[in-house]
Amino acid sequence: SASPPSASSNAKWIKLNVGGKVFVTTRSTLVNKEPDSMLARMFSLDGAMNPSDTDENGAYLIDRSSQYFEPIINYLRNGQLIYDAHLNVEGILEEAKFFGIESLIPQLEAQLRACNVHSDNVPLT
Amino acid sequence: SASPPSASSNAKWIKLNVGGKVFVTTRSTLVNKEPDSMLARMFSLDGAMNPSDTDENGAYLIDRSSQYFEPIINYLRNGQLIYDAHLNVEGILEEAKFFGIESLIPQLEAQLRACNVHSDNVPLT
Amino acid sequence: SASPPSASSNAKWIKLNVGGKVFVTTRSTLVNKEPDSMLARMFSLDGAMNPSDTDENGAYLIDRSSQYFEPIINYLRNGQLIYDAHLNVEGILEEAKFFGIESLIPQLEAQLRACNVHSDNVPLT
Amino acid sequence: SASPPSASSNAKWIKLNVGGKVFVTTRSTLVNKEPDSMLARMFSLDGAMNPSDTDENGAYLIDRSSQYFEPIINYLRNGQLIYDAHLNVEGILEEAKFFGIESLIPQLEAQLRACNVHSDNVPLT
Amino acid sequence: SASPPSASSNAKWIKLNVGGKVFVTTRSTLVNKEPDSMLARMFSLDGAMNPSDTDENGAYLIDRSSQYFEPIINYLRNGQLIYDAHLNVEGILEEAKFFGIESLIPQLEAQLRACNVHSDNVPLT
């Protein structure tokens, strides 16, 4: 009962080539969590927006940072904002804005403010 | 006596395409350590659950974070929870819950509580 | 309406093989943000400069560090200098100079000076 | 005088597919430094032990963590235990035990004890 | 005017497969900066030393750590020793010695001494 991913317009599995790195996910991950986002509009079956061009392996090309896309796609998968300490929050925020993941933006902005408070708190002599 | 991995239902070696990154492991790793997990049910030979679709190289597609899957698969390989300091424990916990690795969940929750105690301990002026 | 990337001289999508790692981006990213940079001159359609040789997959070969190129290409994509804490700012500065991304150089130099002030500030007993 | 790596039993170059990541090394690296290890027995020409199955590219499949294998293979290459600060020493120790690299085990155990002393030493108020 | 990289003895572009990871660089990078190094002798056109075997894609096989090779190749590209904070300097030093990059060795040894002074300086109670 296995059906391999294809470039057909209603495939379940979607490959995204984000800046050179390939992510594999499902149409429902891209569409369901944040229905007004750019990704949802590109991959919803009613086709509000054309998906981008594909590379030679059928992955949709996206001219963005793969590194900061990682927490974005994970958020769409499980509804949680989770990222490693070394990642620059500003980078994730840029991607959330670009892809129109509106529910993520206030969370990321709050975490950026918290970071700045911390570094402003360094004791002065 | 070498037999290359195949897509046949009883192959010894299993490729998993987790969010775009391919992991190679054995059926016994996926099945034996945590027999009630989703992975065990997908790959046990009595077939309690259908495995997912496969990509063009025969790897089973899983729409999750590859980064946080790494300590999960290592735990199934050697029975130990080991991860690098920069990894976000919440990310590993999400995956343990998704894959139903029940024996890992209390360990990860205990480590999360320990982390929070640490950061609450910052001295107040 | 999808058109796969090609090696033809006016393709929209461009693959760059930077020191062995492949980045995918668009001609407009390479050309528009910093029109006098080496990348803009290599990939502008009026052809001020010949692009480099291509690898067997049609990616333009660039003999530089992929690691420090990452914030450079992200800057061309979104106009912001964003990088993770563990990255050596001197490495990014070297690449900004090599590629002639003039608007980045003073920002990077300022951040380098800030870092040095910090480490000189270690209290002496 | 170049001879490409092959799957033949006495090839000089060996590919190992460790958990999905491919390492390239030589038979002499695997055999000479630690002659009683599992890797030495698998790849010595007198064949004390059968090597594992190979993947579709002729790499020998090993169901272990690629991340913690990296310092192990480097140790076999140059005789030194060197790893980056962010790597979990317990992970390297697990692999040293699995592969039977006996000369590494006491070094890793000593470093683990040193780490624990450090974290126990946090001053109490 | 593009000429793809080839395995012919006088190609401009060189692929190196270092322990399983492929780096792309030019012959002039390998030869010019440090003419007495092993890499220069392997890839200079007068052929003081035979290059190593090649893999199935024409990359020259080198049985060393890819991770610590990265700052080495960057040094040959731009003449500067630049590496990220998390990288173990001893690992880079091992590679500098192996490849005979003599001008790097005293720099790396000085940085190692500086690190050790720092960690010996931890205040005693």
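Order of writing sets the chain letters: A, B, C, D and E. Residues in each chain are counted from 1.
Operating definition for what follows: contacts are C-beta pairs under 8 Å (C-beta built on N, C-alpha and C of every residue); 3 or more make two chains touch, one makes a residue touch a chain.
As the structure is a computational prediction, the values presented were derived from the model and not from experiment.
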| item | value |
| --- | --- |
| For chain D, the least number of touch steps when starting out from chain B | 1 |
| Separation of chain A from chain B, taking each centre as the mean of its C-alpha atoms, in whole Å | 22 |
| Whole-Å separation of chain centres (CA-atom averages), chain B against chain C | 35 |
| Chain E residues counted as touching two or more neighbouring chains | 86 |
| Contact graph of the chains (line, ring, star, complete, other) | ring |
| Cyclic chain order when read starting with chain D and heading to chain E | D, E, C, A, B |
| Residue ranges of chain C touching chain E (in the complex, touch as defined) | 7, 17, 19-20, 50-56, 61, 63-65, 67-68, 86-88, 90-91, 94, 98 |
| Parts of chain E lying in touch with chain C, wherever the complex brings them together | 1-5, 12-13, 15, 21-26, 29, 57, 70, 73-74, 77-78, 80, 82-86 |
